[in-house]
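Two complexes follow with chain A in common, the first pairing it with chain B and the second with chain C.
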Partner chain A sequence: MNADGLLERLTAYFPVMLQGAGITMLVSSLAIIVGLALGACLLGMSLANRGTGPLTWAVTVYVSFFRGTPLLVQLLMAFYLPSAFGWDMPPLLVAILVMGLNSAAFQCQILRAGLAAIPAGQIAAAYSFGMPQRKVFWNIQLPQLARAVWPAVVSEFMDVVKNSAIISVIAVADLARVTRQIFAANYRPLEVFLSAGVMYLLLTGAVFALGSWVGRRLQHRGGRGRRIGLAATGASHV
Partner chain B sequence: MFDWSLIPGLLPLFGEAALRTLALLVCALAGGCTLGFALNALRESGRRPLVAVYWSYVGLMRGLPFLILLFIAYFGLPSVGLQLSPFAAAAGALSVYSGAYFAEIFRACWQTVPKGQVEAARTIGFSPARVFWNIQAPQAMRGSVPLLANQSLLVLKDCALASVITYPELTMTAGKVVSEQFIYLEPYVLLALCYWGMSIALDFLGRWMNQRFSLKGGVR
Partner chain C sequence: MTSRRLLLATLSLAAAGLFAAGTAQAQSLLETIKSKKEIVIGTEAQFAPFEFLQDGKIVGYGPDLMNLVLSDMPEVKVKQMDVPFQGILPGLATKRFDFIVTSVTVTRERASKFAFTIPIADATTALLRRTADGGLATPESVAGKVVGSQAGSAQLKALQEFSAKLQADGKKPITVREYVSFDEAYADLAAGRLDAVAQSMANLATLTKTRADTYALIPGAIGPKTYFAWVGRKDAASAPLVEFFNTGIAKAKSSGKLEELQQKWFGFTMDTPVDAVPEPTI
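Right, the complex of A and B next:
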């Protein structure tokens, strides 16, 4: 690292890296949303027929594959295999899809653990009060599930942001790729990669801070909801 | 479509590459576990500066992509006079990176040992080091196996990134076959199957070791 003109160079990297960081966050945010939706579908499939039958088995294989192979390999397969058969997909789309499919496997397991944490007695009690299944899901299971899984989902989001550096390999101009381009142009590896590291720390830090803030609000709303719920049923203790 | 006749020709190449991936995995796990254990011992000492070292290290590594750390190790360190081979850079970076995650696993396990035991041992005159080694470690380590196995799986997957800095492990070997022989499907499918098989084997190993080491019905 050469100190001469370091500040000027760093200010020159910044706008380029910021643009890359934008792509990183775009891909990561879309991937976490795709992953959450698909993860919920997977869990639903896995729990169908009381957790027996071919759907459950298919979800187990899906989760095992995405958990058991590196993201890099999944990306390379999704990027090169379709083009070998003459189908060209834009790298950005491949990146979002693969990261979403990958995250779905992990979020399915997060949701499964969250659902298991809700005491079975609550559901049974709700049914015995005559609550319809839809209300049991929306008013009893979902609020508690959201609160239970939120920290794990935020942590998964941070992992997705970090892992998204791998999409640079399939020519998506994310933060890691623009960093390598700057390095290839000026060959000052230490300062370039350290700047990128600081940038990633800021991104994951921001996700963590925002996630914790929302998490605190979720807890707060949950507390109020519980009190209202108790008053409505007239129970003196739970 | 899938041409099975290509597979026998690819197997020796992939076998050798799988051994390189395993060598990297073993080095990284040894380094990462040792570092994680040492970091946890620092935190357990309770001395404020050491605890601060623990948290800043863990926070730093958990916020940084492994790929960037790998680039710093391979491309960045030569400019401060430390030229590493691709293998050494990958093994070093993986150890440094996974060390933080292993440290968190050991922290979680150490927290499962009731505090009262530690206080009781201190009261009857155990030194802090003996409390750590003779009271906490044996109990904490028993529950650690599933977590360590899961983290080892993550490290195995990160080993694939060593291909980016030209260490000829599985992923790089597959890429080479693709670019030299112009076949796509077979090497990539074989590559995924190699990792998948290794992951399943790691899971089984973890489960077996957990059964072997966990207390059966006894003290909890």
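Right, the complex of A and C next:
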């Protein structure tokens, strides 16, 4: 294979792939934010009324649906069904919304796993102070459990970026679509798909780096707060 | 209790309102498009040289002709969505798209459900082979071989009917493989996973010209004469819009612009009827 030709071709692909990568990152970052925020809300809702009541049931149905059906099916439904009722949603918005809603279901369950990391005594103490359940969730439970399961949360962020590779079925020109078009024009699968792979690796790597930095900041803040909190309650374990 | 009932009543009214909004399409679609100054068009941009992506833009014979026809409605902005072919006609049916500007073969089944425009090109199916594979000289020589085509396409249907004909003649049937897009089929042909690809002659002519070292045409059609056309919904609201496109295509043919575009994108011209949509043969 002609090495000079290869470098030329790679530099030719780069700006086109960068355009596609821009769309991928736009959709992914917004979906990540929506996913985390909504996931936290869903967890809060499911803990209302001490885990009984209609809100908990609603969250269970939501999570079962979005975790139990393929993302492809969710995207196609959200793209084709609304127009039957006269709604017109631009494809980019549909992609961000569906990926956000999908990620929220997974984030809800990931965050739920962090509940075990909070000593039960804190919750009891908070309620005995007369704190409303919503305040207990957002001020006491969420910061601590997020800290505990943050690596898994960041892993879900990276999954969002990778899952975004199918949004081209609903008319969004992302990195995967652009890659397929380059391949259709020059029939060199190894270098084209390898370049795309490297780009996705860079994107998920950036998400991981940013997520880890945030995680370290959380640990740092949490560490000091935790020590003060423990000292106040006179806890004997660390 | 009362507030819950009120909530239920409001929700039902809202739902009824949404349904009403969806069904109140008695107004002509063409009028709606002109008032909204926007037309939503569905395209599968994986069908060189009819429509394909280049530098992030949808280019080709189809887009050039579409822009020519739509120049009669200059204030209308085109919102063109690139979706896989299998979502094109269903998307039109669910009103996701106002109109389809992608090369759809006129078939009986589709003509009964949708409204075709007059043809834009010839769609008669032929077979593509690897240049190195000189043994496949006639269409009949693919009996018993592995041939691919696009899922949901009329070319696949022509291939399946051809295979049935071979079987009836006492030859071995073809192993048919389906692909999401023709580009994937071409790639598998080059890789040796397929012996041939069934595709329209217009596409193959351009492909074998630009990639003569990899692909060659097997001379001879494997199905009846068919045409590519654009598609609208088969209801009263869409009829003026389909008529608008028909007028535009006929005008392009009479002014010679259609032949000019065909020469530009294919290197040859095709004979297509202008007075009416031809009877589907497949």
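FYI, the second predicted complex is superposed on the first by the 200 of 238 C-alpha atoms of A that agree within 3 Å, B and C clash if a C-alpha of one lies under 4 Å from a C-alpha of the other, contacts with A are read in each partner's own complex, and residues count from 1 in each chain.
Here, a contact is a pair of C-beta atoms (placed from the backbone, for glycine too) under 8 Å apart; a residue touches a chain by one contact, two chains touch by 3 or more.
Owing to the predicted nature of the structure, the values given are computational and were not obtained by experimental measurement.
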| item | value |
| --- | --- |
| Which of chain B and chain C A:Leu76 touches, first, second, both or neither | both |
| Partner touching more residues of chain A, whether chain B or chain C | B |
| Partner chain(s) touched by A:Ala171 [first = chain B, second = chain C, both, neither] | second |
| Partner chain(s) touched by A:Asn163 [first = chain B, second = chain C, both, neither] | first |
| Contacts of A:Ile33 with chain B and chain C, given as first, second, both or neither | neither |
| First (chain B), second (chain C), both or neither touched by A:Ala12 | neither |
| Contacts of A:Leu210 with chain B and chain C, given as first, second, both or neither | neither |
| Partner chain(s) touched by A:Ala84 [first = chain B, second = chain C, both, neither] | both |
| Partner chain(s) touched by A:Leu194 [first = chain B, second = chain C, both, neither] | first |
| Partner chain in contact with A:Ser64 - chain B first, chain C second, else both or neither | first |
| Where chain A meets both chain C and chain B, residue numbers | 76, 80-81, 84, 168-169, 180, 183, 189 |
| Parts of chain A lying in touch with chain C, wherever the complex brings them together | 16, 19-20, 76, 79-81, 83-88, 91, 168-171, 173, 177-178, 180-181, 183-185, 187, 189 |
| Residues on chain B engaged by chain A in the complex (per definition of touch) | 60, 62-69, 71-72, 75-80, 153, 156-161, 163-164, 171, 174-175, 178, 184-185, 188-189, 191-192, 195-196, 198-200 |
| Touching residues on chain A, where the partner in the complex is chain B | 1, 64-65, 67-74, 76-77, 80-81, 84, 158, 161-166, 168-169, 176, 179-180, 183, 188-190, 193-194, 196-197, 200-201, 204-205, 208 |
| Of all residues in chain C, those that touch chain A in their complex | 18-19, 21-22, 25, 40, 45-46, 48, 52-56, 81-84, 87, 90-91, 94-96, 181, 183, 186-187, 190, 211, 214 |
